[in-house]
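Below: one structure, written as structure tokens.
Going in written order, the chains are labelled A, B, C, D, E and F, and every chain counts its residues from 1.
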Amino acid sequence: MLKIEAIIRPGVLEDIKEGLAKFGIHGMTVSQVMGCGLQKGRTEVYRGTEYSINLLPKVKIEIIIADKHLDGVTDVVTKVARTGEIGDGKIFVSRMEDAIRIRTGEKGESAL
Amino acid sequence: MLKIEAIIRPGVLEDIKEGLAKFGIHGMTVSQVMGCGLQKGRTEVYRGTEYSINLLPKVKIEIIIADKHLDGVTDVVTKVARTGEIGDGKIFVSRMEDAIRIRTGEKGESAL
Amino acid sequence: MLKIEAIIRPGVLEDIKEGLAKFGIHGMTVSQVMGCGLQKGRTEVYRGTEYSINLLPKVKIEIIIADKHLDGVTDVVTKVARTGEIGDGKIFVSRMEDAIRIRTGEKGESAL
Amino acid sequence: MIKRFTMLLLLLVLGALFPGSALADDGPTVESNAVAIDTVWVLICAYLVFLMHAGFSLVEAGFTRAKNTVNIMMKNLLTISLGMILFFVIGFALAFGGDANGFIGIKGFALSDIADLDFGIPTYGFWFFQAVFCATAATIVSGAVAERIKFIAYVLFTVVITAFIYPVVVHWVWNGDGWLAQKGFIDFAGSTVVHGVGGWSALVGAWLLGARIGKYGKNGEIRAIPGHNIALGTLGTLLLWLGWFGFNPGSTLSGTTADIALIATTTMLAASAGTVGAMIVTWMRHGKPDLALTLNGALGGLVGITAGCAAVSPIGAIVIGLISGIILPLSVAFFDRVLKIDDPVGAISVHGVCGLFGTLAVGLFAVDGGLFYGGGVAQLAVQATGVVAVLAWSLVLGFVAFKVIGLIVGLRVSPEEEMEGLDIGEHGMEAYGDFMLRSSGVPGLMGINREQVTI
Amino acid sequence: MIKRFTMLLLLLVLGALFPGSALADDGPTVESNAVAIDTVWVLICAYLVFLMHAGFSLVEAGFTRAKNTVNIMMKNLLTISLGMILFFVIGFALAFGGDANGFIGIKGFALSDIADLDFGIPTYGFWFFQAVFCATAATIVSGAVAERIKFIAYVLFTVVITAFIYPVVVHWVWNGDGWLAQKGFIDFAGSTVVHGVGGWSALVGAWLLGARIGKYGKNGEIRAIPGHNIALGTLGTLLLWLGWFGFNPGSTLSGTTADIALIATTTMLAASAGTVGAMIVTWMRHGKPDLALTLNGALGGLVGITAGCAAVSPIGAIVIGLISGIILPLSVAFFDRVLKIDDPVGAISVHGVCGLFGTLAVGLFAVDGGLFYGGGVAQLAVQATGVVAVLAWSLVLGFVAFKVIGLIVGLRVSPEEEMEGLDIGEHGMEAYGDFMLRSSGVPGLMGINREQVTI
Amino acid sequence: MIKRFTMLLLLLVLGALFPGSALADDGPTVESNAVAIDTVWVLICAYLVFLMHAGFSLVEAGFTRAKNTVNIMMKNLLTISLGMILFFVIGFALAFGGDANGFIGIKGFALSDIADLDFGIPTYGFWFFQAVFCATAATIVSGAVAERIKFIAYVLFTVVITAFIYPVVVHWVWNGDGWLAQKGFIDFAGSTVVHGVGGWSALVGAWLLGARIGKYGKNGEIRAIPGHNIALGTLGTLLLWLGWFGFNPGSTLSGTTADIALIATTTMLAASAGTVGAMIVTWMRHGKPDLALTLNGALGGLVGITAGCAAVSPIGAIVIGLISGIILPLSVAFFDRVLKIDDPVGAISVHGVCGLFGTLAVGLFAVDGGLFYGGGVAQLAVQATGVVAVLAWSLVLGFVAFKVIGLIVGLRVSPEEEMEGLDIGEHGMEAYGDFMLRSSGVPGLMGINREQVTI
């Protein structure tokens, strides 16, 4: 079982959801994060004082999947989220030991 | 050392905290996320246009625990968070390599 | 490849970013979380009813790094975030299987 | 209620009740100027009372949760709209259209057939002022039943209160032939007529509906459900305060009396003293001055002075305001902790309790006839009669109305809807689409980070 | 420094357009009192109209996204400021400074050289009232072009509309010599003069700019872009409603006429009926009463009654308001779905469409001359002429102005800027620095959690 | 201060200073109508000034951080309440109760014993107007000391300024016997009396308190601490602007003078020009028009015209407003960067600096006596005297008051409290319970995503 964490630009989420539905993947957890990387921030002014903002809003998607879906999922995310410009984001993959569906108590891949 | 990530409905947090206190577990980190899964979204209307919202607000709890607490913690969470209806949420378990208490520099399980 | 998750007090972020730049680490993802641990909450009053708040605002930083940076990064975070008082926060370390840079498709450490 | 009859002629030519366009050729006279001043004054005061609806909306929204904001705004908007139309079609007639046994008016439906009635100013001006008052009484209920009442049930209650419950009380007190007016009951601008009716109806509503989910713990412990926008709540209170300068001084129905200056002054001082009084009480009780109750204290002072604003001295006003401000937090605690009636914005205490106190206070502080000024207890007795009569009327009528409405459409939304918020449930939309909110309402906890403790 | 109204003469001594300091010893007269009442009334009404700008700002901001709030506030602020100065320097002269062929005024630039003109009240008072009206017409456009127009382009259009497009129409209708005035066209407070000009200019602007990114899907599906602060939007609507009590009754330019009470009453009833009408329509269409359109319905009722507020009966006002409220959501749907013109706040429907209906309605409901009162179709024909003339003028002039401005500075911000928000792009700042916002604007999705479905 | 003496009798029957209820049988007269018009006008203007407190509250709250909103609202509420009561008990007497050496009043405490004084309108009306002015002066300080002053310290300073510092200056200028009045000092509505006193007291307060944590970096770099709700800040500014139409035209204390129309006009034009001026400056400096400073510019224009609103021509008003608007951002930069005095909302620049300029400008632009109108430098010299005297008085008294208060209760909250926010620290509650906020205040960074850079 793997966890895919994708840090992407806000706004491409719907397309990713659609893309994953092909593999029968519907479950995901989304949160709002701020990120910095190679992408440059922006400058704002307040009452005559300029300042730069270097953490930019990003969306983080977490999807727990069976190992076999790894390539499919990363492909979808990569394709949808890529604009080719700095700030497109990253995908991180890590291993999960177990999953439990609270409603039923099911464990393992059948809980996904 | 394990990380328990539980994605649950908002509002059962306090009971979980109480339940975990039995095991002497007090530390946890909570964040607000949006989730989708089997649960259906809802429909809203704005100025005559209907649209559906399919990411619903959830609460994510992260608890890093010693291995031995695994069953206890998942039991508590499952029991408290279960309503039996779709949308109850999931528990994910993964392995952590280390923990450090910033205040003291303690490492490993004693840092929890 | 490792993931460093640091749960710290709000407000020390800038210093951590500066500290990490020394190792050439610029990428990180930040989110706002609520935490409880040993730190006590505070009491508020609303319309004559007092109540205690025991989840306090924290900042969570996630940094994916090559293994070799582990000590350097945890040192920086520990040094900058430590006040010596309860509530300083924790650092958790876990293993990542892979990273992908969406923009280029690069994989592994070169994607960080 | 003061009415002056200075006009010699009433010309009902499409609203031209005094030398206006129709008579422009004749030029103005001293008398027509006086009526014009009165009309201008009453209209402007009515505008200020209208603004109170913005104030109510903001106070109610600010002191409840973000997930119910749309619903609260919709309720307030409906209260005004429906209230105006109903008061035009029915309410005004019951209140001011002649008299049957001192109990109720009998003509003037849709303002027809009242050419013989003279209100000192053009009838439309008089209607306008009374209409905005009517909607005020109705809107008081909205706050107390917030966050759980079905929208349709609220709408139906608004119909009943603006078309019947309130106009009848107005007839008793502000129509010269009303039985309380005949007794000499003094309620200049409506501590009892407006705020009593609203406050006691609110009490019935809040009681019948029951507390919001999570307000009281399994073991009866009292929990706080903090409001979501104290900035708007404060703005709302200041708008209400401003509106009161129309409410009280406008109730002279005349701008050509020096009373307007006195009344503005007593109103201002009572509000200020109420603010200070409530602040001191909360400061002493919790070690910190509490804004939510202090804002309520300002309103308490305003409600308290409303009955006697033209009858007491400025110093009397300060005392009345101060006592209202002190009573307020105690009353809130009483309803919240002893009776366990859940009133999210304190409407019952502000309008009902302070209105009751203010009405009685006229019997004590009236410069002319008050107990403290050597006037004996006669006035006080009359005041008590009025207070009790209106209280009984409002409780009984309110009870019957809410019960009947409950039978027809049901009073309360489902627990699921209440938890998700009435904005989605009743109106299908959110108030703050771009903002991240702390987790939406859940039993026992309004946020993910709250654990209430009884004190 | 004190000057009293004591004489029948108008002396132009630096603003003393009638009895000045030299005559103070003579004391007040009946005539000077009447002028004073008129002046006080007009000023206070003008203040209320000024407050409408706060209302517009809040409605526009509330019904658009958080990322464009600063820009909207800046636009509104500029509209007032620039509008005032331009109407002082140019606009007033074109509107009221004498006459050339019934089409345009020719003198009185910067209020100079008009000692011979008598407006019944001091010229400055008259100017003040007309100036706040002018800015109102301009600000209507702001809402329709929100979230995508370049700030500089908006500023330039404001210059054109306040200095030329609007004043010319005012001359036609409200200057006695204007060609529409001569025809007997009735638009008492500006359903067409103000709201028509604003609404149709808004239509041109919204159409030329095109829809906001994400408003319409690739396959033409219609998407909702919810506003970010319905609480402020509601407050704004209530402030507009209040302001209308200056807008309509103040247009008597006199406080010494009983018409002011009638007009306040018709205004109130039409707004109420508009609210109820729109609510019912949305309730029937979607199963739930919709706040956003109901608020628009209140405004629709107000715009609808503006032309005929002094000419119709209260019951006529209720009917006009109700119809306006019913038309409103249908018109919104028409522009949104059929024409696919993206009007974030419904300005075209509220001001253009309801203004058109309200102006025609005078021909139907005017107690004196309306078709339904046996007056035949003559008045209705005149009303139609006026409506068409102003519509054509506004569309053509608006089109030319926007096209020219587009050529000089460009009309629309870049897609990147639009997505990030105009607050950052145009002003370099955020409106809600301390709040966590749902993800900022992105094509096709305004939030991370929205998926619109056409119905 | 202008006083008119039209009444023959002063009947002190509970505030009935002119033919009111007591004399109703005699009917109105030309004179009683004139007094009634004046009274109505002054009261309504006073209501508008009262509304300015809502404006101040919103501006201050909007331009500071969410974590201090409750505290700011509480401060503003207290300023009004306490200010009213103190001005009733003490302040009014010092300002208007007779005279001792042109320096201070000596009777009329709690409005007793002043039956011999005639203010042209009922004394309560006059008191009411002056009282809301007094609270205005006090509330100016609140903004400059925001986000760090102890609540109790602020309360104590409010006592001192409303009971003593401000009333004395009023006596100098607006009581006919005051020494500055005697010299011919012109400050019609209080550029110096109100805004000067408030602004310079604010300067002392902000300077003694020191900057907010994080405002200046270790190496002296200047950092921005953005406000949290620019929508409310804008609304607040518009409410202040509206209130100014009571503030300036109401200072005639008479509605029977044509001056009210002139004054409304000069006030409007100056505000507009101030807005445009500030916008242009910020546009030129940063390449983008800045809303925060433009809003301040509107207020700067208003403060600037306040002294001369009745003495200058409309064109003069535009020039004064424009210069005020241009001065404003430069002054803000000067205090922020050169003096490093941290004034979160720009109160010192808006009220102190623009008030100073506006007062001097009377000596230049007064149509009657101004330097630019051939009047020589005499008036300018008198204006300078007044400005300097009030500046010195406010600085010295403010310094002593703050120092003494600091000794008794301490001026500043602890750094921990400041970082967590005064809402929790001083009042134990939050303003926005349902919203997710960006991380709460922390040294050097107001949010998790900010890194300020000096320019």
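Going forward, a contact is a pair of C-beta atoms (placed from the backbone, for glycine too) under 8 Å apart; a residue touches a chain by one contact, two chains touch by 3 or more.
Note that the structure is a prediction, hence the values are computed from the model and not measured.
Looking at chain B and chain D, the chains in contact with each of them are C, E. Between the contact lists of chain D and chain E, the overlap consists of B, F.
Here the spacing of chain A and chain E, counted between their Cα centres, is 46 Å. Averaged Cα coordinates give chain A a centre that lies 52 Å from the centre of chain D.
Averaged Cα coordinates give chain A a centre that lies 18 Å from the centre of chain C.
In chain E, 30, 33, 37, 40, 44, 226-227, 229, 286, 288, 290, 292, 428-430, 432, 435-438, 448-449, 451 are the positions where the chain touches two or more neighbouring chains simultaneously. Residues of chain B in contact with at least two other chains: 30-32, 34, 43-46, 50, 54-55, 94-95. Contact between chains, as defined at the top, is found for A-B, A-C, A-E, A-F, B-C, B-D, B-E, C-D, C-F, D-E, D-F, E-F. Those residues of chain C that touch chain F in the shared complex are 9-14, 30, 32, 42-46, 50, 57, 59. Against chain D, in their complex, chain E makes its touches with residues 30-31, 33-34, 37, 40-41, 44, 48, 65-67, 226-231, 234-235, 237-239, 241-242, 245, 249, 255-262, 264-265, 268-269, 271-273, 275-276, 279, 286-292, 294-295, 298, 313-315, 318, 367-368, 432, 435-438, 446-447.
For chain A in complex with chain C, the residues that touch the partner chain are 2, 6-8, 31-38, 55, 58, 60, 74, 77-78, 81-95.
Listed in rising order, the residues of chain E touching chain F in the complex are 1-5, 14-20, 27-30, 32-33, 36-37, 39-40, 43-44, 46-47, 50-51, 53-54, 57-58, 61, 69-70, 73-74, 76-78, 80-85, 88, 110-111, 121-125, 127-128, 131, 151, 229, 232, 426-436. On the side of chain A, the complex with chain F involves touching residues 34, 43-55.
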